[in-house]
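First chain written, first letter: the chains are A, B and C, and each begins at residue 1.
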Amino acid sequence: MRMLSRFDRKSLCIFISALLLVLLPILAALAGEPYLVSLFSRILIYALAAASLDLILGYGGLVSLGHAAFFGIGAYAVGILAHHDFEETALISWPLIIPGSDSGLVAWPLAIMVSALLAAIIGALSLRTRGMHFIMITLAFAQMLFFFFVSLEGYGGDDGLTLFSRNTLPGLDLGDDVQFYYICLASLSVFLLLAGRLVESRFGIVIRGCRENEKRMQSLGFPTYRYKLLCFVIAGAAAGLAGALIANQVEYVSPGLMHWTRSAIILVMVLLGGSGTLYGPVLGAAAFLLLEEVLSIYTEHWMVYFGPVMILVVLFARHGLFGILVGKEKRHG
Amino acid sequence: MLLVIEQIFNGLQLGVTLFLMSAGLTLVFGIMQVINLAHGSFYMIGAYVAATVTARSGSFLLGMAVALPAAAVVGMLVEMVVLRRLYKKEHVDQVLATFGLIMFFNELTRILWGRQPLFMDVPSWLSGSVELIPGIPYPSYRIAVIGVGLMVALFLYLMFTRTRIGMQIRAGASNREMAGALGINIRLLYTLVFGLGTLLAGLAGVMAGPILAVEAGMGESILILTFVVIVIGGIGSVRGAFIGALLVGMVDTLGRAFLPALFRMFLSSAHADGVAASVASMSIYILMAIILIWRPKGLLPAHS
Amino acid sequence: MAEPLLRIESLCKSFGAVKACHDLSLEVHAGEIHALIGPNGAGKTTLLNQIAGDLTPDSGQIFLAGQEITHLPLYRRAPLGLARSYQITSVFANLSVEENMLLAIQAHHGHSFRFWGRGLKDPQLLAELGPALETVGLSERAEAIAGNLSHGEKKQLEVGMALSCKPQLLLLDEPMAGMGPGGSIELSKLIHKLKKEMTILLVEHDMEAIFSLADRITVLVYGEVVATGSVEEIRSNPAVRQAYLGEED
């Protein structure tokens, strides 16, 4: 393994994981554990959320504790549309009638657009700050949204909304866990491919430069605020798609999806897997959710062990699983 | 009218609780430049220890006397074992490590005390009510809380402006490198500042015990409010924390109490209550957003 | 007389009680190398920061080629042809020398809202990379990580990045500080070469370099201009000698 260059190790790692993920439903059926498909769908969805956070965090250096806001609002877009569809009431009646819908072709793009819009608003205000202020403002905005949805009695408030069924997509039955799994896998793959190109493009270089030394970037003439805002919106939109998928996966939405602790958990997944790598967060999501699954069998108090593990990872394995498996990039210091 | 006065006092009481929480934390942010998400855990530790000791011994004061040093000692241990290694790290690392601490403390609390909330009684010698303003009775306990909070504020003010150690802390808050260069034992100072912060958080927890339920995770809800206070007041500024805390305490309390009535004047009552509840819970965040647009560094930042 | 390239009028900047710049007026003519000298604490870097946009003056005005830039945000100045190097080197420590330079080149190739092609392998940008590195003598060190460069090499990179925007006014903040004699000579040669293409405002302590390079010199003491003039005028100015050059003679 050591003889392979870092690039080869990275390709090998990605190839093996991709292979495992593609074959998973078959492997699960062979092992007689169909629930694994559902577990891994969840992993893929959180991987998408974590990878979208990595875009702004690992590459942009923006530590957002409010990313779950976009995750949550994507979920609620699906939930609210499904609710109105089921109740056969209109979403709004004036100035034009917008009915509910349980079609994925309507709900999912809407989820993406709504989260993008929310990201544009929150980003526009938050990105005027940096450092600790930025972290705390993003946290506060996420909480604002949380409390807002808790107070929406019409949509379940604190209890949340149950979906009657998963969304429909033409030619597919998303109620079938295996089909749904592949949709999740496709969504994640498309995002990773697009984001992978994005971070190498001129836009991506600017974002990475902003992380390194924003003053210098401005001194060179880059209007950094605009670039960061667009990156923030792209990340928010992707998280919104993840939210739409989670709403479908559990057929339930609740304000807890946008609580700041949810943001923190997604952040944990990014770090656990390795930030600034896009693929690391996928490993991180898998590691976290699998650990949660396995450890809870032994003890309901698994968090008392996980907390210190987090601290140890931060102190001693800063580059996460990706760093351990693939190695770090040679950098300064 | 009675209601207004009562709510103002309630706002004041929330305000001093928030001040106790944010005074220490804003110093940790300002001097050590560390984001500490686990601050709420010390609030929780204070409440739990006090609740347990009070229940066993029957004395609220004994509960407090044990809880405060406990919070301070645990705080200083946490500083020495974990926080210290985070000072030079990036904010994201600090967020994650302190989140790990939250997980650890919350779960540890559930292991030691179970999931059921503990209940703390208001001490019998404070269980009556007092008419500070003739004709308006108000719970003595809450008056005591306000009193303690204001005394702590006064004590901190005197400490920072009149004592040597206070000066060293202020120097550290505005210029860390200079303070170190001047020969102040930075390591010890940091540990003490952190301990002071956790002691105050523990005090807030002890006093909140009889009013709210004592349960794991109670630290997180107050933590968010504390962050808002610090952002509004200005990172590193205890004075800012004081103003911010009172502002947030008032806005949140008065908002919850009176916005429904206000909205009912404009909207139909069905809509009014719903909208009012939403706006009331978001009110402090809206306040924060407005203040930050006007003053990005907060109202009274430590650095100019 | 033609409008000077840089005109500063009555600039004031205080930090609390400290007056870093006090009623400061200055003119830099196109095509000259203008040196700014003065004892430490005279406010030279503060002045440069205000011209570059890192700081906003309390009062007064700054004009670049007749256009007022006093309150223009930092990122709007480079497109106007204003570039600077920093006294405390400010390169991208975790990127390679090449990557640093490419970023600087990219900054001046229109907007960077391009999401697909590979930025670091873009032929348009790469075409300029070679000459840019050669100008500052870093061709051999293209792949080194910027953070690992020697102090002098970092300074060279700083200047190289500032040059990439093809500025009309180049601000150099103590470019020779901490460099050995060899490095200083190389940098002097570079500055002399650049004079043909741009105007240079130079803050320096290295008197030898200043006297050989500068066309005009302005002397700052405690945030005020004490004298402005040609090298000879400054050398013979008794007030300047007393305040600053006294020991040197």
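In this section, a residue touches a chain if its C-beta (ideal position, glycine included) is under 8 Å from a C-beta of that chain, and two chains touch if they have at least 3 such contacts.
These numbers come from a predicted model, not from an experiment.
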| item | value |
| --- | --- |
| Closest chain to global C-alpha mean, per-chain Cα centroids | A |
| Far-end chain from chain B, centres as C-alpha averages | C |
| Distance between chain centroids, defined by C-alpha means - chain A, chain C (Å) | 44 |
| Interchain centroid distance [CA atoms averaged], chain B/chain C, Å | 48 |
| Centroid distance [mean C-alpha coordinates] between chain B and chain A, Å | 32 |
| Partner chain B, residues of chain A touching it in the complex | 57, 63, 65, 125, 128-129, 131-133, 135-137, 139-141, 143-144, 147-148, 150-154, 260-261, 264, 267-268, 271, 275, 301-304, 306-311, 313-315, 318 |
| In the complex with chain A, residue positions of chain C that touch it | 52-54, 73-79, 84, 90-95, 102-104, 106-108, 112-120, 122, 145-148, 161, 164-165 |
| In the complex with chain A, residue positions of chain B that touch it | 29, 33, 35, 37, 82, 85-86, 89, 91-93, 95-97, 99-108, 110-111, 220, 224, 227-228, 230-231, 235, 274, 277-278, 281-282, 285-286, 288-289, 292-293, 296-297 |
| Of chain A, residues touching chain C in the complex | 197-198, 200-206, 209, 212-213, 215-224, 227, 230, 330-333 |
